[in-house]
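Just so it is clear, A, B, C and D label the chains in written order, and each chain counts residues from 1 on its own.
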Amino acid sequence: MSDPRLLTVRPEPSQYAWTFGGAPPLARIQPGTVLDLYTEDCFAGKVRSEKDLVSQVCEFPFLNPQTGPFHVVGAEPGDTVAVHFVSIEPARDWAASTTVPLFGALTSTHATASLQPPLPERVWIWQLDRARRTAQFSARDSDLQIELPLDPMHGTVGVAPANLEVRSALVPDAHGGNMDTPEMRAGVTCYLGVNVDGALLSLGDGHARQGEGETCGVAVECAMHTVVIVELLKNVATPWPRIESDTHIISTGSARPLEDAFRISQLDLVQWLVRDYGFSDLDAYQFATQTVQAPLANVCDTNYTCVAKLRKEWLPVRETHRGLHARLRKTAAALIGSTPPGTATSDPAQHTPGHAERHEI
Amino acid sequence: MSDPRLLTVRPEPSQYAWTFGGAPPLARIQPGTVLDLYTEDCFAGKVRSEKDLVSQVCEFPFLNPQTGPFHVVGAEPGDTVAVHFVSIEPARDWAASTTVPLFGALTSTHATASLQPPLPERVWIWQLDRARRTAQFSARDSDLQIELPLDPMHGTVGVAPANLEVRSALVPDAHGGNMDTPEMRAGVTCYLGVNVDGALLSLGDGHARQGEGETCGVAVECAMHTVVIVELLKNVATPWPRIESDTHIISTGSARPLEDAFRISQLDLVQWLVRDYGFSDLDAYQFATQTVQAPLANVCDTNYTCVAKLRKEWLPVRETHRGLHARLRKTAAALIGSTPPGTATSDPAQHTPGHAERHEI
Amino acid sequence: MSDPRLLTVRPEPSQYAWTFGGAPPLARIQPGTVLDLYTEDCFAGKVRSEKDLVSQVCEFPFLNPQTGPFHVVGAEPGDTVAVHFVSIEPARDWAASTTVPLFGALTSTHATASLQPPLPERVWIWQLDRARRTAQFSARDSDLQIELPLDPMHGTVGVAPANLEVRSALVPDAHGGNMDTPEMRAGVTCYLGVNVDGALLSLGDGHARQGEGETCGVAVECAMHTVVIVELLKNVATPWPRIESDTHIISTGSARPLEDAFRISQLDLVQWLVRDYGFSDLDAYQFATQTVQAPLANVCDTNYTCVAKLRKEWLPVRETHRGLHARLRKTAAALIGSTPPGTATSDPAQHTPGHAERHEI
Amino acid sequence: MSDPRLLTVRPEPSQYAWTFGGAPPLARIQPGTVLDLYTEDCFAGKVRSEKDLVSQVCEFPFLNPQTGPFHVVGAEPGDTVAVHFVSIEPARDWAASTTVPLFGALTSTHATASLQPPLPERVWIWQLDRARRTAQFSARDSDLQIELPLDPMHGTVGVAPANLEVRSALVPDAHGGNMDTPEMRAGVTCYLGVNVDGALLSLGDGHARQGEGETCGVAVECAMHTVVIVELLKNVATPWPRIESDTHIISTGSARPLEDAFRISQLDLVQWLVRDYGFSDLDAYQFATQTVQAPLANVCDTNYTCVAKLRKEWLPVRETHRGLHARLRKTAAALIGSTPPGTATSDPAQHTPGHAERHEI
């Protein structure tokens, strides 16, 4: 007998969404549902060797496939959807990264337009050792090989945007989307403001690891088996995506130029301190100035993303977001302890992509 | 008998420099000299209570007083001056931070001009406990008090700029200057490209601690007792300031908009990997993309500053900057172990500001 | 008997579109159709006196109502739709402008976020004298009154965007949209690249006049009677909107930061010179550098817009865009000369808003 | 007998200044002095044929030679120096433009850093016909030749900066400098705020003509014979350079990103309307929004420059800057009518570069 609150989704190729908003829901889920998801990589799985150039094998706009969207029953504008990442596990023993013509931070682009020719197009295939938790870089122009820690994350998680808009899955903005922050790893809770009935949550773009800023525009891209718990906070507004970990509260901002992404994330953090931790505006501004960490997320996407992190241990002991993160951590621990859906499963054969089992209450 | 290579400097108020370039050298020093310095805070020591508003007690442009400049004997354009931070210790048991009208990231400014009135001007006095290594935040609008770790650093270190220019000590650029990065702490070596004969090195703007981005524009500002070792790398060009710690190599970039500061720092890191670690351009671009940390330094100054950090443990074992950092660490350890100039001295009475002893070979 | 190629549209309030893309076509039209349109102002007509504050009378996202969209029969991705503005005439004898909280160039905004309170919200009602072709500014804080020339234009004209997206009518981008350039006046032809079958053209946001940059974010907003001729250029790609007048070729770019909008528009102009006027890349770069006019369009919208204008008299005599502009000018002259639809009609009573007559071949 | 208020300056090569601030005065002049100047082109005259690549024949930082600086007797911080351009005449019958590696708007640069190689380096020699007032473009890659109107201007005019700084002559900022706006043509008066005693005014960087934005970074660069009248407005502060013509008042702003240059120029114009034309802040904001012209000046220099222009005919009849412009126009007319110093002289042989005659009261 299946748990009515567990939904396993292995999308068919035709089932992915390519936008936030505008795609019909893949399923309706109750708050509290555990989603056991397969997500395809940003290339829709089409870059599989060093010969697979994005400009040849990928078809725009069919990049960054989203698993979802999920209609969260009861979610309305003015509410917040919480996505707790129980586990994010590479679904393959390799991952790919590439240069993409006129995309990335160290090249002219379609917006930062120049008369220079694009950089050469190149593919790097990374070998993943899921048992040892490593990803191996193999240089293309020398025999240099370097083993790095796996640090799996999702580049993309979001809901349908406001203002009747539909945005490409490549875009990060107030609705979340392609924020590409390494902070979106297992163990955190992501809070997303709801803009349309049902929220229409989806996620994708798994990275085996990524540096801050995603300089060349492409991380160590990998299909993932990911387990999340989706919850709903009624009547809590979240203007910009927030993340909570056991150790930090984290605000995000996505905009251009990059200083605006910084400003948005910092103002959101200040307002978080004011709303939930008892600071006045100016005291919060002062306190954050001396305590915040501000690692870049991406400086390559349609909007750039910056995060503002603050250690919980430095904050007054107060409850934020109704204490949801702590509760979800316990639920996740129970899940992993008993029948870990996805977490402990390193054999991709045990996952059967290609059909979506739907168990709904 | 004094060590001929140790120079202790306690500037008179009239001896500070307010610019990079344009100020006569305070002393000529040989490469290898240990400087035991007193640096005044960015307010020139004039903000001493909550009543001391910057707009009333400070006189522009007499902000960010620099201890120096030091003429490094033999330094010529095309060389690199290395500044190893042996110790950075608060010289007082308090520090100050403020809002400054039309300055900071969460306000309009003289450049990001608006018709809105400035934010209220306010001062926070932080109590420092140098024994326990803490700095205490005291809210102005509530009775909130929070103890944070000391993490002393210098906001400003630099040399005379290129192109015949003289820049305010408030400006960060290719010559270093007011970069305001928390990475500039004890234990690191800062590499600065030489633009004029003698380099004309100076430093100041000590912070008891600072968040990344220096959001309100002002850190926990504090006079410092700082010991540095100054070395010279002949015929090594350093286009943008670099920092080396025991664990990381770190590039910086300072520009507006912020994405340009990011681009400069990332390109410099890529070029560092190419020059010293055996990567091709594109392999370095790929490798850095997946490994770099990109914390913001300041998003408030004339130029914004971004740093690009990479863990040494992930790099091929190669020598960079002629192995200087490791040697300076040893020298510093010997200094601290035997007659620690400044490091172990927590009693400010033992320091006698107000005169500059000069011992030169 | 009505001309089968003339379509008069007076939308019901419920018939406006609020997005580019995502709205069902209001009508299907053949290439060559003359559209005689009524467009409502950006406030959806809700700001009618100095007491009607946007934050009180307008409902987001129901701003910038679009008349359309029109499905252009035969238009496919890779083609270009041409919109020739025959006439743009104020439909009322007054127009409105306002400040909008946290919107505009001389205020912090939701993206250029600050802790400052917004500017005061205020409305200016402008009196239009359509016979004398003037718009009268009446100061709110003094008795200053200044008469200015009418210079009617459309802030918004565009097609459905690429990449499966739906964008708010407030956004300018590669699909056109809310570019807010005073160049979009009667007599010009606007070229828009087609992204979806039928193009889905719409327009709105009439301005009785506007300065360059639309500094406060709101022009002299006015409902309009506008006549356009819609044509189709098969197999002509137009990556960014272009405008052609009798005297100038004009490229546009919309992006943030503003220098990227400049870069896009300038590169497009260079590529125009290369494609149609016989220049090499570098010669075009040099020639444009010495001849281009670069007036700002808007520095307030989601993306900023810059235009790049070049006098035709300075160019080699060549045909661009298949000579379409000259042909449309003749057609327009014939229209105005015989039965001027909208142009000569200054009495709004002669227009009957509220129903859409559709005459299609 | 020479007019004691006329000073003719033909600098020796060694007499040029390369900075604003930091250079000793070339002469002391009384307010009211007419300066008859020779200015060398931005290449210091070293690019004379298509074979003279900037990277080979020019020596950084010896670019943009300044004729001056002139110590204006009596000028003190808080005052304004007015520079009325009586005439700007090409001193040669040719001019040069080039691409410069990693400089310009349609290329990556040292700040907008990329891994792409620079664009090819190329020189265009323009033939000037001073009698017919034309400049002829000759394509390098085809036989295209196009005759354009001469429109001589100075890219650079400025005073010593504030804050003890010395800036390269390539930099535009609040002190003026390398603003590169085509508005700086004969007939206008430029107002510059004084930062140091004597102001230390200089000018250079003549352009036979230039488009708005100076896209490739280099205009039609030409040595000039230029006559200016220098006046002093005591106790008038001018935070950013302003220009007044017979028809317009013009504010400037120089900053990065470009939107900040826009904001500065627009806010300055609003404040001008408030100070001199009887508007309240918000009324001025509204009025400027509907009337301002905002052509770009440069989008290539260290700071980008934007201007904000407003037609005088649309303003209340009031006196600005003490009516100085009108008086200077009359003085200039008298000068040109009687013994036109420089204006009517088209034969460069009549000018004797190489010595500075100084006639001072």
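In the analysis below, a contact is a pair of C-beta atoms (placed from the backbone, for glycine too) under 8 Å apart; a residue touches a chain by one contact, two chains touch by 3 or more.
The chain lineup, named per UniProt: A, B, C, D = Amidase.
It should be emphasised that the depicted structure is a prediction, and the values quoted were computed from it without experimental measurement.
Ranking every chain by how far its Cα centroid lies from the centroid of chain B (Amidase), the top place goes to C. Looking at B-D alongside A-B, one finds more C-beta pairs in contact between the chains of A-B.
Centre to centre, using the average C-alpha position, chain A (Amidase) and chain B (Amidase) are separated by 35 Å.
Remark: chain A (Amidase) and chain D (Amidase) have CA centroids separated by 51 Å (rounded to whole angstrom). Among all residues of chain D (Amidase), those that touch two or more other chains are 106, 112-115, 119, 256-257, 263, 266-267, 270, 282, 285. Note for the complex: chain C (Amidase) touches chain B (Amidase) at residues 106-108, 112-119, 257. Within the complex formed with chain C (Amidase), the residues of chain D (Amidase) that make contact are 97, 99, 105-106, 119-120, 122, 124, 135, 137, 139-142, 144, 146, 148, 209-220, 256-259, 262-263, 266-267, 270, 278-280, 282-283, 285-296, 299, 304, 306, 314-316. Chain C (Amidase) meets chain A (Amidase) in the complex at residues 18-19, 21-22, 60-61, 110-115, 162-168, 170, 253, 255-257, 260, 263-264, 266-267, 270, 281-282, 285.
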